[in-house]
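Pasting the structures here.
Heads up, the next two complexes both have chain A, just with different partners, chain B and then chain C.
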Partner chain A sequence: MAANAPAVTETQMPLNDPQVVAEKIKTQYPDAVEAVSAQGIVLKKDRLLDVARYLHDTLAFDYLNNVTSVDWQDHFEVVYHLTSIDRGGAPITLKVNTARDNPSVPSLVPVYRGADFQEREVYDMMGIRFEGHPNLRRILMWEGFEGYPLRKDYKEPYYEEEKKPFGSRWDQGYHVFAEDRNPWHDNVQYPAHLDALAYKPPRESVPVIEATQAATTRLRTDKIILNFGPQHPSTHGVLRLKVTLEGETVRAVEPVLGYLHRNHEKIGERNTYLGNMPFTDRLDYFTSMANNLAYAITVEKMLGIKPPERAEYIRVIMAELTRWQNHAAALGFLYNDLGAFYTPLIYALEERELILDLFEATAGSRMMCNYMRFGGVARDVTDDFIDKCKYLVNERLPRRTDELEAYMAKNELFLARSKNIGILPRDLAINYSTAGPVLRASGVKYDVRRAEPYSIYDRFEFDIPTGTVGDLYDRFMVRIAEMRQSIKILKQALEQIPPGDIMTGKKNYQVRVPKGEMYGRAENPKGELGFYVVSDGSANPYRYHVRAPSFINLTALNQMCVGHKIADMIVILGSIDIVMGEVDR
Partner chain B sequence: MSQEQSQTPSSLITSEEEWLADQVRRSVWTGPLSKFIDLLDLIYNWGRRNSIWPMGFGLACCAIEMICTSATRFDIARFGMELFRATPRQADLMIVAGTVTKKMAPAVVRLYNQMAEPKYVVAMGACASGGGPFKEGYNVVSGVDKLIPVDVYIPGCPPTPQALLYGLMQLQKKIDRQSIRDVPWYRKGISEGVPEPILGPDLMDARRLEEITALAANPEQLAARAVQFHKPTKGEKKE
Partner chain C sequence: MAFGLGLLNGLRYTASRVVKTYIGDFKHLGRRYDDKLFKERQSVRGSGIFTVQYPEERLVPPENFRFIPFLVYEPALDENGQPMMDPATGKPVVGKLRCTACGICAKVCPPQCIWIVRATTPQGKPKPQPAEFYIDIDVCMNCGLCAEFCPFDAIKMDQVYELAGYERHVSHIFDLRALSKPASYHAQIHPTDWAREETERKAKAKK
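Entry: the complex of A and B
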């Protein structure tokens, strides 16, 4: 735990340099480091847990950003990104290699609980076992699914070619339908000699929990397991929860994910770099502009280009408008979960429509904007955009923020149901790798816009609102405060926006990214959205991984819900503000 | 005088039966049965199309546009459809708003089976209509019509609220043309639900289990079913 960690002696920046960190590791564990480069520190498999513990406790790398893996055809590589909440700066990269047959790596869950779902995802997608993981089962696909989809030798049923653009698409009119190309004439494939008639699906597991302390009342309560979702009005999509209840009290919650797993990463590895841009829209479909931005800055870092001033300002304006509308809608949905059905949401959606109008006028689409490009934005804003946006930012948005706060935050019923509900303490919030408003509500002053400034966020004056207790009320208030800060940034940006170009260089639909890898991240309304892109120098990414904030924030759901009533669980889920498109990808 | 006398007996009611026949003729509409059923259809369909209760069933991005449609600006209540029911048993319309994944497929079919008839399905957006941008994915069903019958397809990714409303108006037109003579829910016997697909090594359609087993045992026959892409050379005629 960070709270028990010894006082951090070195709080200076050099600790973000892999060489320095590797030297420090070598002094403690001389045999642990295999290789060091700017791309990261390669560790020995059996020393990984020791080194992680050392980094966490002594060097204060207390935040695990991302866990993913790369299939290098001859071996697998598991990649970890770590940062220090206090020091900020770019994350350091740890890597562990494992053989291709029977791959296994020690689990980091004992040190970083945020690794829980991420390691399960790696196991599901690549088939790498994590020794010591408490619950290593498939997470996105179902138990019994054949194959590990993100391995390079896995071919999906509609497999056509290794990389896009496919040869069959060049000659217009000579097309074979994907259904016809597949011998099963559907998007399926089965192993040879499958006896479908006799197939028995594996039994679904049930969370086992230890007996709890004696009930406080004399009422006898039974332990029941409640299935919740995937179709339920307050699961924010197709989330499914397996809840163990004792009477009405929640004893364990286990999210079952994957009901909207749309194979973002597999499709992304077949796509060209720019071809992934519209797919990022559909990750967190509330905040497509911000997703575009995060992906664009990641690839721009690899390309080593910088967009022109005007484009940077347009990007910030779009990202902050997105943040406002996302938070407004999130508060409305939270009230929905509280039982105030739809009315508060309608108020929040009113302003959202005006923001979407601006997006539509600029990008051509209300929700799926597909607006950012590598080195700029797709097209300039319309002539009246600045005026319309100024009217929104100066008149409507502040008024609506005040109104929402006045009616929602000071409501007595709301206070009774939100104060001291779903508390996530500071050290656990960091340990669970939560991000965004959930992390900040627990009193952690961490915002990627300040910790590792991207775009031109270092030019604007804004605060990072934080909570104190980390309960539901704090998460609510942090969102309200962030809406105000977004308006503040928007006001500055709209005053300063210069005329000029919107694109560096000429428009290029097929960029060639130099060999290398990059973990780029941005502060999305839901939290830190990261893209881990590995390039082999070709026109398509070799590995394309998305660090989805909603997905990782869900790891902490069990911690927040246990001990509360089932009605509170719904609201706690609402206060995390998840979007299933991003959770399942 | 003689003319008046000849008319008088017919206009006079002499017996009780005649009086009854006259009353029936005056106040009861009579005609062929088919006309009557047409009238019944008119009333049924008018009521049905103006009080469609959709199921609050959002799968993905399109669900957000569905919510926007039901909010103030687009106001789905103008069509009597604002009552989004949380349970399929109270719903008439399933708006499949988003990508149907294989993992979700059994749930979608079960929800459809749980809906009481008359029931309608609208495939909203590219994903629900045919897989959309995610069609090539290994976990995506190529359109919800692979699982359940669909009444209206709405293109778009996501369709704008206007497009959704237009699609719903098309559904209303479709309902207007329905007749109780031939709609499936007034037929004799119990209507069988759609069998739920099974999550095996891959999604298995319960109606195709025998076919799958037979084909899996016969790789040559299976391979022959695949249509290869043939890039025509210059001068070759397109089929």
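Entry: the complex of A and C
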């Protein structure tokens, strides 16, 4: 492959069309393509790795956005979304089918390291084996869990019906507690072959230094494994890190996830389309407005509707306010992780409170906004919103952004702790599928708002700030610069916002989405938030998958931490800016 | 840059914050509980940190704030056309619930926490009113979709947020009695929405 390495012409060709890409693949691997449609390219299972390599090396599809799977009852389908960082544009879709019994697909980890956690998630939730994956274990559920929750035949505890609304609620809806409705009553379904008395939970093998060995080698340091968490205050939620230490130096980190897992995707498949909207608030609860927007644009693309002008502007204003307050909070917590205990965090939260007040006055809730609807927003902004917002954007936010930068960027301790720590080089940042500020700090000029503009972002003038080295300091500076860009967008949007309607058509709670599938994405403060929605034409989504940026950014944690001290690991974790609501879903 | 200047610079910010926080307190000495000042110091134009001493002081939630739905009823009127008051509860007597038991709120509810039993006539025909209405407030996620999609303005979002209890099997299942609140209460907490609904209703009545 090295002989025909990416040529300049290849990176500039319009390769967003699956037909064109399929033709290219056929010239190289004539037998690899099974079918091509607007929904994607279906590949033969055994040629997947070859094709992926070809796409990555020759056609410059260097970024794996998303890996997920669909249970079609008679077979499984694994879905990959790929883009090129340089070309931008909509991602192309690759699909691979596998039989329902003993399903397996070749792993893409050798080509895209970003597939690591995502394939583990697919294996965990759908039970599809990825041959050649270096570490194929459950990731969200615990080892020893029985069943694969996202399969269509899996029934969760408290299961009532396939789809909401449940028939028992109306018109003879006498209240019953969930515990009493539970078919297994004590909330546990035991596997058929389980002998409860003989059962021993699987144990993780942790190498322990023997006492005799320790005694003879009193001064020798050895590797120890430290379980960091799950409830250390600096781990940003209930996250456990399995750290291999040599003295104080980190040799390997493995995040252990799932403590906040609630199977958002299964809930989403039971829900109606509109019913998912308030659930998206709870993904990344710092940025609920932006989550709403990403989900709304995905379903709107399937419905083929566009919100009116005023609604578009309100959406952008809300999304950018969200970005500002998320970054402010992220920086505040970053200072906290560095040891500046809580004082700068409180300063960072001061303006955030005012922004949340605006959300509360408009949407009704500070964090669980549930504000966007398909084709508009839930309600118009209040009369004094624009005034208050203008004052914030023109006076307070720029001042606070400068302040946040000023008391850290020149601080000697901060510089010593952040320069050249946790470096993620450019090519690895792309290969690990990191997104958002983490990707941009490594010098990759990639922002979904520019690469595949959604809503009305193409009308605003703003830059994509990037770092140069990809260390902690760059991730800090990129966030500060993004806050400034958000203010720039907000200023333009607040000047241009027109009067008018806020909804296209009538508000409808029984949204029926035409048959088809869609991968919609938006640039969230944490990175690319994607929703992969498959509709079978009914009132509930057939498949609903969330590409969670914090989850995928964690894939690169090990790469960033190795070789640094354990105190730096905390800061590196803070610089990824994860929210467990989104990581565990 | 000399080593330590950045540190001093940081301390300068902390010091200025301390001063800023107390400027307001000294400027308005003894007028902390003045309503207008209270609002101003909490708003975008306030400066320094102004702490509300909950539960002695409380913030007034904005009109759109939503927390747990309630059912709106029209109070029963006495012969003078004034709402009859129940001396036991101090609330107006329930005249007629606006709810018609159409079930839209129960269908739109994302966590399915609304349970409705439709009333029937003695002949067994369905009557447009609820016989029972339950909301499991531990399951309710305060999304406000029920209030948004109710075609009769019969279910609205409340603003009472202090609902902690010692058990969830009795006190956290709101039934008709706990849910019903008079239309005047809705008018009081949602003045803008109320005015809009009234004009709409009058326009409809004219037709």
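Just so it is clear, the second predicted complex is superposed on the first by the 547 of 585 C-alpha atoms of A that agree within 3 Å, B and C clash if a C-alpha of one lies under 4 Å from a C-alpha of the other, contacts with A are read in each partner's own complex, and residues count from 1 in each chain.
What we mean here is this: contacts are C-beta pairs under 8 Å (C-beta built on N, C-alpha and C of every residue); 3 or more make two chains touch, one makes a residue touch a chain.
Source: prediction; values computed, not measured.
In the superposition on chain A, A:199 makes contact with chain B only, while chain C stays out of contact range.
Of the two partner chains placed around the shared chain by superposition, chain C is the only one that A:509 touches, whereas chain B remains out of contact. With both complexes superposed, B is the one of chain B and chain C in contact with more chain A residues. When both complexes are overlaid on chain A, the residue A:135 reaches neither chain B nor chain C. Of the two partner chains, chain B and chain C are each touched by A:350. By the touch criterion defined above, A:368 lies against chain B and chain C together after alignment on the C-alpha atoms of chain A.
Touch criterion met: A:174 reaches chain B and chain C at once.
After overlaying the two complexes on the shared chain, residue contacts for A:407 are found with chain C alone; chain B is out of touch. Looking at the shared chain after the overlay, A:37 reaches neither chain B nor chain C. Contacts of A:276 after superposition on the shared chain: chain C is touched, whereas chain B is not.
For the contact definition in use here, the residues of chain A common to its chain B contact set and its chain C contact set are 160, 168, 171, 173-174, 177-178, 278-279, 346, 350, 368. Listed in rising order, the residues of chain A touching chain B in the complex are 140-142, 144-146, 149, 154, 156-158, 160, 167-168, 171, 173-174, 176-197, 199, 201, 230-233, 237-238, 258-263, 266-267, 270, 278-279, 282, 285-286, 345-346, 349-350, 352-353, 366-368, 580-581.
Of all the residues in chain B, the ones that touch chain A in their complex are 56-61, 63-65, 67-68, 71-73, 86, 88, 98-99, 101-104, 107, 111, 131, 133-142, 146, 157-158, 160, 198-205, 209-210, 212-213, 215-217, 219, 222-232, 238. Residues 1, 3-7, 9-10, 13-14, 17, 43-45, 49, 61-66, 101, 103-104, 106-110, 112, 114-118, 126, 132, 134, 136, 139, 141-145, 148-149, 157, 169, 173 of chain C are the ones touching chain A in the complex.
Across the complex, chain A meets chain C through its residues 160, 164-166, 168-175, 177-178, 271-272, 274-279, 343, 346-347, 350, 354, 357, 360-365, 368, 370, 378-379, 382, 388, 391-392, 396, 403, 406-408, 410-415, 507, 509.
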